[in-house]
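Input: one structure, supplied below.
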Amino acid sequence: MKTSLSRIIENIKVAEGIYKMTLDVDTKPVPGQFYMVKGLNGDYLLPRPISVHDYYDGKLVLLYRISGHGTDMMSRMKEDTEVQVLGPLGNGFDLEAIKGKTAVIGGGIGTAPLYYLAKEMKKADMDIYLGFKDIVYSIEDFENTGHSVTVATEDGSVGTKGFVTDCVDYDKYRMVITCGPDIMMNKIIRTCVDHKIDIYASLEKRMACGVGACLGCVTETVNGNKRVCKDGPVFNGKELILSE
Amino acid sequence: MKTSLSRIIENIKVAEGIYKMTLDVDTKPVPGQFYMVKGLNGDYLLPRPISVHDYYDGKLVLLYRISGHGTDMMSRMKEDTEVQVLGPLGNGFDLEAIKGKTAVIGGGIGTAPLYYLAKEMKKADMDIYLGFKDIVYSIEDFENTGHSVTVATEDGSVGTKGFVTDCVDYDKYRMVITCGPDIMMNKIIRTCVDHKIDIYASLEKRMACGVGACLGCVTETVNGNKRVCKDGPVFNGKELILSE
Amino acid sequence: MANMKICFLDKIFKNPVVAASGTFGFGEEYNEIYDVGILGGISSKGLTLRGKTGNSGIRLWETPMGLMNSIGLQNPGVESFISQEMEKMKTYNTNIIANLGGGTLEDYLEGVRLLNNSDVDIIELNISCPNVKAGGMAFGIKSEVAYETVKAVKEICEKPLMVKLSPNAENISEMAAACEEAGAEALSLINTLNAMAIDIYQRKAVFNNTYAGLSGPAVKPVALRMVHQAAKAVEIPVCGMGGISSGKDAIEFIMAGASLVQVGTANFVKADICVDIIREMEEFLDAEGIKDITDIIGIV
Amino acid sequence: MANMKICFLDKIFKNPVVAASGTFGFGEEYNEIYDVGILGGISSKGLTLRGKTGNSGIRLWETPMGLMNSIGLQNPGVESFISQEMEKMKTYNTNIIANLGGGTLEDYLEGVRLLNNSDVDIIELNISCPNVKAGGMAFGIKSEVAYETVKAVKEICEKPLMVKLSPNAENISEMAAACEEAGAEALSLINTLNAMAIDIYQRKAVFNNTYAGLSGPAVKPVALRMVHQAAKAVEIPVCGMGGISSGKDAIEFIMAGASLVQVGTANFVKADICVDIIREMEEFLDAEGIKDITDIIGIV
């Protein structure tokens, strides 16, 4: 694992405020891992953590939402220019542990890492639940993995109206995997712990080093502070101490 | 005069390290004036002062040399994106005062503002002297103004080998106008003052405001400190107190 | 629309945005770019009793998101300011703050006496200048020295007196409290941070004076902390500055305890940035349903 | 090729580049990215006698070309460091500096006693920590307090002792001189600058502790000034840091008087930046015909 320059093969808008960047990389990542990404002449300091959305034949695909200055800069980068990437980082999902009926629940841009998971786990008994506020994306990609896909939007424009978490019949599942806003994940974790369902959540925290050295990204667990970048981003929900 | 966004019509390389940017602007500048120019997402703070190289039909042409980070960023800007410009700034050349036989002597990128001067003063009795280290540019443009053009390069690759200042027979001229490295201008100013030839020099100083407010760009004159951005950049050589 | 009007030292400021001393001249140049009458106020270039030619050598140096300067208080002197600049400034329809520096206490006192008889609205006493009698150590480093200076000035000052603190002060809370006790009616901060740059090819300091003052976005987090500390340490109002470049930056300073803000270096980044800053502040207040900007002064 | 080797506190550093405390863990993570044995040294994450879980809430906040952090010295404690980390660090073939913090003098002393019996090469005494007995004011603000602390530590310290100064010290020259007098054998500086950020939508400070430490390129001009002041104030060697992100930055610090430099925040910007910095320093020395880096230490 090293800092390297990757060429941008493509950087396109896929929905309002949502972009997809394809890069040349030389290592195959595990679903759930992420990269620290930074333009070469950005007027900001820290690279931004972005999950692996897809990977094939030495190509890394990132799906990202413009949520501030860094991601805005990223969206303006042109094909054939270079970006600095460090990765793959983090533990990723424990694919071996995924057994039995599994619900994969993504919220908003938190759906990004789940596509590579669903694709790599085509043979798993997996149902996909995708929740969005109003703008939806990647749904077809998820459908092409062969898994059943349920979509909900808060405004009802696509799929069921409301929260996707309400579409899940938890007791059907042995395991739940989730990535999305904290408030959504916390709700899911509580439900699963109550129902004694295995639950894995991919967390987001502000990061500086991305490799486990600065202790800037820790989350409280029953086993003490854990680094989201190094010990995570995927955690067993049972281990987490939820904020509210 | 105001800060405005200008669209880049063209931004091309004209020689090694030398670029030409054409912008839409709405005011006609005077030869010798300059603009404060800055990309919108530059990772540096201050706009860069760049002279008017040419102007026609609402189009401002800047000729610039990559000499650091800001100009490097400028060179990477793409057509149809916008830059922040403030100007036209400074006094510019006093065209009325240009009478009688005049030598216009430029050194390196200091030739940039002289083209618009030569073009606007087609009818003046003007000889152009252009000195470069090794890489030359704009020579044809100057020749197209109809004035006689003498070129010198330090390595002799084009024109006379040596310093362009040595090609000038000063006593032939009533007036000399110069822009270039300090060391060249100082030499010319001393010679002209000795020979009682009118001498105007366009100076360069680090600038912050560009409009005369911060007093960061002053040069010593016999009449006290003068602001290069507001009282200049063109000064009567007799007024200047030379550094060495 | 939210109210942005602030009453500060008995003067009405149409909004809290003031152009910072030394970055705005006497307003004339920027008035060619936009009507500077939209500003809450203008703080003049730093004045000294007798005019100064300022420092020699390089005066400006860019740093990562910052600017170092070593202008050395080039200015025409107080008398010339009053006779040459005051009248024009008064036509701008905004508050005029005279920023006054000095190398000795006597210079300060004499300068204040002259300004007493002028039309300036507020005197901003800049105590960051090196005290020539005390070996060049600025008046604004040790609280005791600042206390004596402000006290003496206050005794003769007939204008509202704002004291501008240096971030190089040994202890900013103590300094703020000392100036308040000495009679300052308001504080402004921060001035520039002592800093250095080296030209490694020439193997010498960039500035003839070795050190120079750092300003701009780079210093904002430090400035905000100091404004917060100063505001907590005193009852008098505070005018905050240091790196403000957007309406959001300005709101941070207001929430930290500033009643007014000054904008300096950012004027160089975009000449009419104060226009943007005022608009962005209004937009923020409206979007957040804050009726009056005074409701959020010092709420953090 | 120019000599980059430096003898510092009787230890040989293959080059002057040291990874800064708190930004490099115990070297393990970065050793997966490049061979950290190419570094002159590694300063460990700040240690305290007993382990600490660190601060709650947001720990990192980006600022214009800077980074604020409020990690709160999360660390496993000195004993655990010695038993769990030391051995692995020793295999890296570079100097190991133990950065030691403490809330009371007794904690410092007990920590030093433990480190005396370990394999660390140098102890870097971090006096920026809040002194819990003195109401949270850091040991490194007032020279007298620092003097007493360093003197007491020196008496029992059997390792070379470097004292890390805080830029929040009231007077950096006095502080440097006081630490030298108290027995410090070297100084390192600067630690982070006290700073603040406000979340204007939530109307509260970003950090639970209100203030946090600012580092990165934004602070470089201030850090360079302080290193220059400290180096001029003492005879002992100085290790300079604050915003170093390139070989040129490092050379500036060396010319300002630093014998070693530390690189902190820049490691986050580009994980293997220290490799670049070392190479750029060598290139500079060669291009400028400087045979030995020690020839330019403090030449400005």
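For clarity, chains are labelled A, B, C and D in written order, and residue numbers in each chain start from 1.
Here is the rule we use: a contact is a pair of C-beta atoms (placed from the backbone, for glycine too) under 8 Å apart; a residue touches a chain by one contact, two chains touch by 3 or more.
Keep in mind it's a predicted model, so treat the numbers as computed, not measured.
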Most distant chain from chain A, judged by the mean position of its C-alpha atoms: B
Geometric centre distance via CA averages, chain D-chain B, whole Å: 47
Approximate Å spacing (C-alpha centroids) for the pair chain A, chain B: 53
Where chain C and chain D are represented by their mean Cα positions, the distance between them in whole Å: 34
For chain A, residues that touch 2 or more chains besides their own: 43-44
Touching two or more other chains - residues of chain C: 65-66, 217
Overall pattern in which the protein chains touch one another (line/ring/star/complete/other): ring
Every chain pair meeting the contact rule: A-B, A-D, B-C, C-D
Contact footprint of chain B on chain C as seen in their complex: 22-25, 29-30, 32-34, 45, 53-54, 56, 58-62, 65-67, 69, 71, 74, 216-217, 265, 267-272
Contact footprint of chain B on chain A as seen in their complex: 41-44, 73, 76, 78
Touching residues on chain C, where the partner in the complex is chain D: 63-66, 68, 141, 170-171, 193-198, 200-201, 203-205, 210-211, 214, 217-222, 224-225, 228, 243, 248, 251-252, 255-256, 284, 288, 296, 299-300
In the complex with chain C, residue positions of chain B that touch it: 1-3, 36, 38, 44-47, 84, 86, 206-218, 220, 224-225, 230
